[in-house]
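Both complexes shown next keep chain A, but they swap its partner, so chain B is in the first and chain C is in the second.
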Partner chain A sequence: MATVRLDRLHKEFRSIGGAVHALRDLTLDIADGEFVSLVGPSGCGKSTALRIIAGLETPTSGRVLFDGQDITGLEPRDRNIAMVFQSYALYPHMSVRQNLEYGLRKRGVPREERERKVAAIGAMLQITPLFDRRPRQLSGGQRQRVALGRALIRDPAVFLLDEPLSNLDAKLRVHMRAELAALHQKVRTTMIYVTHDQLEAMTLSDRIIVMNHGVMQQVGTPEEVYSRPANRFVAEFIGTPSMNMIEGTLRPEGGRLLFSAPGITVPVPPAAARQGTTGQATLGIRPEDISLVPPGTPGAIPAQVTVSELAGAERFHFIALNGHSVIVRTPAATVLHPGETVALGLDPERLHLFSGAGEDAAAIR
Partner chain B sequence: MASDTPQGAVRTFEDGAVRERAGAARTLASTLLDRHLGIILLLPSALTFLVLLVFPLAYGIYTSFFERHVLDPEGTWVGLGNYVWLFTNPNFWHSLLISTFWAGATVGLQIVLGTAVALLLHQSFQGRSLVRGLVLFPYMMPVVSVILVWMLLYNALYGVINYVLVQTGIVSRPIAWLSQPDSAFWSVVFVGVWKYFPFVVVIVLARLQVIPQDLYEAARIDGAGPIARFFDITLPQLRDVLLVVALLRTIFMFNNFEIVFLLTGGGPLRATMTLPILVYEQAFGVYELGRGSAIAVVMFFILIAVMSVYFAFLRKEND
Partner chain C sequence: MLRALRIYGAAALLLIFVAFPLYWMAITSLKPQTEVFRVPPTWLPERWTLEHYVELFLLTDFGRLFLNSLQVCLMSTFMALAVGILGAYALARLKVRGKEAYGRMVLLAYMFPGALLIIPLLLLFRQLGLTNSHLGLSLAYLTFAVPFVMWVMRDFFASIPIDLEEAALIDGASRLGALWDVVLPQAVPGIIATGIFAFLFAWNEYLFALILISDEALRTLPPGMMRFVSTTDTNWGLIMAASTLATLPMALAFGLIQRYLVTGLGAGGVKG
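Coming up: the complex of A and B.
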């Protein structure tokens, strides 16, 4: 087990077309035993960061420290890390048992100890009956477990996982996600998890690092990044369906600050208003924070239903609101028909305001 | 499953329509077509196969039971006479041995050299595409030109090889590469390897490019150095193509005629007299077509045996 510190990590890939900045000044402290996720769209630099921690990639500048020791120049095998790959990367010509013990063998662990550890891992992950099979004779979930076993067997200080669930079907993914969480509870090793799936990051992590274009956008607990996104990108990336965004302006009126867009005028919550930002702004509101209110309610916004989708226990209504399209989440029992006119109520306490209109527009709190 | 019903309905409708139109008046031709459509479709390729492959093979085996030469084109039936002559003739056993050494040495060296070069060309360096193209050069050159070039290189009086060796003091006198039994055999092997190793390079390089990079990274993390990664990842991943290459090259080199024949004609003192040259010597040197055929038939069965071993091995692997 170890603490991990990333100190101003920077990575450039140079090619004939010029340099690509995969990672810009990433600084991060990860506590011993913590489960953190790096999440973001493809090309956001999350995998590059993980590969630098693994030693598979050298940073252009910056340092990686384990327990305060600089390990930036060390070979992967000298870092006491283990990694689970998206493709699992099991050695195809070796049996499950040989796959598990390969790392121990290369480190000169004596045979008796190897056998003991292999047996323990087999029992823990319930893969003992598969020991004599080759990877191609295993199902996706079994391969996943062997890959986890191969990583766990060496008792690494840091456990790196690169989108380990993305090759599984939806049902198995949910199952393995729960197993991963249980596994972390059991072994309590520092785990760094890379995913593009915000739901995996939300459910598994102690902390989430949201990244975009090689830049860290926000670090926080799942609750923090969901309920207090630092900017418009984080707000839209975290949560399904995405947060509704309405572009407009902030202007003072009668001693209050108002957000207005065509057909919508909302008072800004006092905390945000105290910052005194005016001008171009974006209003964000999560689909579950919009309510259907009786027509005529003061402050209600009239709108028209475009489409309604049933998603099991809940419904998503796509609603046209003076040229904007918003999604409203309701219980499945709320049935609305296309063309129907409804009145929407926005809870001023649950509004998010961002200064500007781009994806890097910062939150006004 | 849901789509079964509409499909079935359509089929019933069509059947009905056909029945209505044609009724019981189905011709014999259409019945034949219905029943034997598969065979009819296979016939053209089966016939081609028969004419181009089975007939010459069968004719060769047939000829091997006759004493037949230019003066007696009809031939005289001698039964297994040619085979008895063959198996009691020391020249045949000598040539079988030479052929085995020739095929073994050229194939073995082609695989070692080809794999080594493929590994080099798999690294990234400036001008890699150009070098990859140049490596194919020996394979693309016509055999006759290759042989002419090598005869000049090997030449005892004015060959470049001897010139360099003498000038650098490695040898004191020029070596008659192709005129001494030992050096002749290895000189011919060298040309065989040089001409055909690019074939191995191409196939191994293609395989190297599809080995997942993840495997190497996993091995690096597991603690494997470059040598361990070669033996634990690269070689096992290449194993299947190397087996196929070995089989293909063995068949090809065992049957190869032109390189040896053009360089040495089987000499000196039968040192390079492989079986194909022995066939040539019997069939067109002393005009014993029957004996030549008998040797060819024996070669055919030797290669069948090699292939059976290979396929048995492959089947065992897949189980």
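Coming up: the complex of A and C.
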């Protein structure tokens, strides 16, 4: 059990071709027993951050502290961490039992205690029948469990996971996700989880760290990150399908602030209006926050249906709105046909406004 | 079909080309002295005999030469593996400045002709008292064995997923511990294959052995057998028997480890 503090971590990879700035000024406090996820697109520096915490990579500058102690210079084996790799990295020439035992052996744990712990982990993860097999003889899900077991058995202070579920098929992934959540409930070890799957991050974490290009974009609970994204990048990254984005301008009119884009004019919610930002802006609205309203409703925006997709219990409608394309999410019972004209209502309380048009356009609220 | 025929035809030609001298050597060693020079030659001995082999061990110092060679080659192979594997691992994994340039220099050293090395080496070894010593000769063989091992094993190590070592480091192993526990077991085929090649280089090497060792009692097989040719008044049956025995361990080794050779030298390029 430990708190983790990342203090202004920088990481630059220098090579002949130039330098890659993989991590910029990452500062973060993780509480004891907390489950945090690092999410972001490929190449955003998630693994780099995790590997620095593990001691597999040295930061260019900055510090890593466990329980207030600076451990930046320590070897991985002196950090009391465990890590689950995306590839599982099970030792191919060892049986499952030997894989589980290896860390204990290396730390000089006596034989009886090793056997007791291996038995306990085997029971907990239901892998006891696999003990004498080699990793090659296991299915993906079984390997996953063994990899988890190998990490758990040591009772680490911090548990690091780098996309541990991404090699599993969709069904198994959901199942293992639930198991992982249950596991964290049980062991209550600090867990740092890297994924590019925002849904995994949302369902598992106490807090989510969204990263892009090596820069932390937002830290918050899944709720916060979803409903109050700090900038356009976070807004678009979190949630599937993505938040609809319409670029336009903010201008005052008749004592109110209006957002306008070709064919769309919406009043800005009072809270956001108080900031008084004008000029170029982006309007964001989640697919579930757009409703279909009867034609003629005041404020309704007319639009044409392009395509409808059934996704099980719900339906996604792709709708053309004066040159913009938006996605609307409805229950499956709402059937729309291509070419049909509909009226869209936007819930003003659920609009997101960003000042500017780039990824880093900050939220106005 | 035609294509297959052509390939098999070419393979057969190559086989005859390579294997015929070996066949002739073995057959001649088993013919009685009177049959060796018969014209036309016999394809199989009319009378099989081991007389040349008996002669070889009773009348010549073949046995000692063989043991000397074995000792030198085993020593140099083990030293080359110990040094070369560590070097190769460092080249493959550690973040060291100038690693690439160093790697290329190693390759250059490997390609450097032995004939150019031998004079400076001789002068150096004289100073160090390493001439006329099996240790000295084994060390001299490291000049090509180590670069060879490093070159092949570097690619081999590079093909082993780095995650495995990192997992071991996190599990509590040191660098060397991870190398020993996790990397080397994966690399066994490569180690066997390169080890055998390093051994063969040394086994067949003539020039260094001739120049660095003048003491009759320490002489190794290749120069020893050369002397054989003159001292025994070119008894071909005897020479063929000696050659057969000198080749036999190699043929056996190749037969036994063929499996490793294929996976071993192939694994550097293709990830299995």
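Here is the rule we use: the second predicted complex is superposed on the first by the 365 of 365 C-alpha atoms of A that agree within 3 Å, B and C clash if a C-alpha of one lies under 4 Å from a C-alpha of the other, contacts with A are read in each partner's own complex, and residues count from 1 in each chain.
The working rule: contacts are C-beta pairs under 8 Å (C-beta built on N, C-alpha and C of every residue); 3 or more make two chains touch, one makes a residue touch a chain.
Since the structure is predicted, the reported quantities are computational estimates derived from the model, not experimental observations.
Enquirer: Assess the superposed three-chain arrangement around chain A: do chain B and chain C clash, or do they fit?
Expert: After superposition on chain A, which the two structures share, chain B runs into chain C.
Enquirer: Quick one: classify A:131 as touching chain B (first), chain C (second), both or neither.
Expert: Touch status of A:131: no partner.
Enquirer: Name the contact category of A:91: first (chain B only), second (chain C only), both, or neither.
Expert: both
Enquirer: Looking at the overlay, does A:83 come into contact with chain B only (first), chain C only (second), both, or neither?
Expert: In the superposed model, A:83 contacts both chain B and chain C.
Enquirer: Mind sorting out which residues of chain A both chain B and chain C touch, each in its own complex?
Expert: 54-56, 75-77, 81-83, 85, 87, 89-93, 102-103, 106-107, 150
Enquirer: Name, in rising order, each residue of chain A that touches chain B in their complex.
Expert: 54-56, 75-77, 81-83, 85-87, 89-93, 102-103, 106-107, 150
Enquirer: Which bits of chain A are touching chain C when the two form their complex?
Expert: Residue positions touching the partner: 54-56, 75-77, 81-83, 85, 87, 89-93, 102-103, 106-107, 150, 154.
Enquirer: Quick check on the complex: what are the chain B residues that touch chain A?
Expert: Per the stated touch rule, the residues are 212, 214-215, 217-224, 228, 232-233, 236-237, 239.
Enquirer: Inside the complex, what are the residues of chain C that reach chain A?
Expert: 161, 163-164, 166-174, 177, 181-182, 185-186
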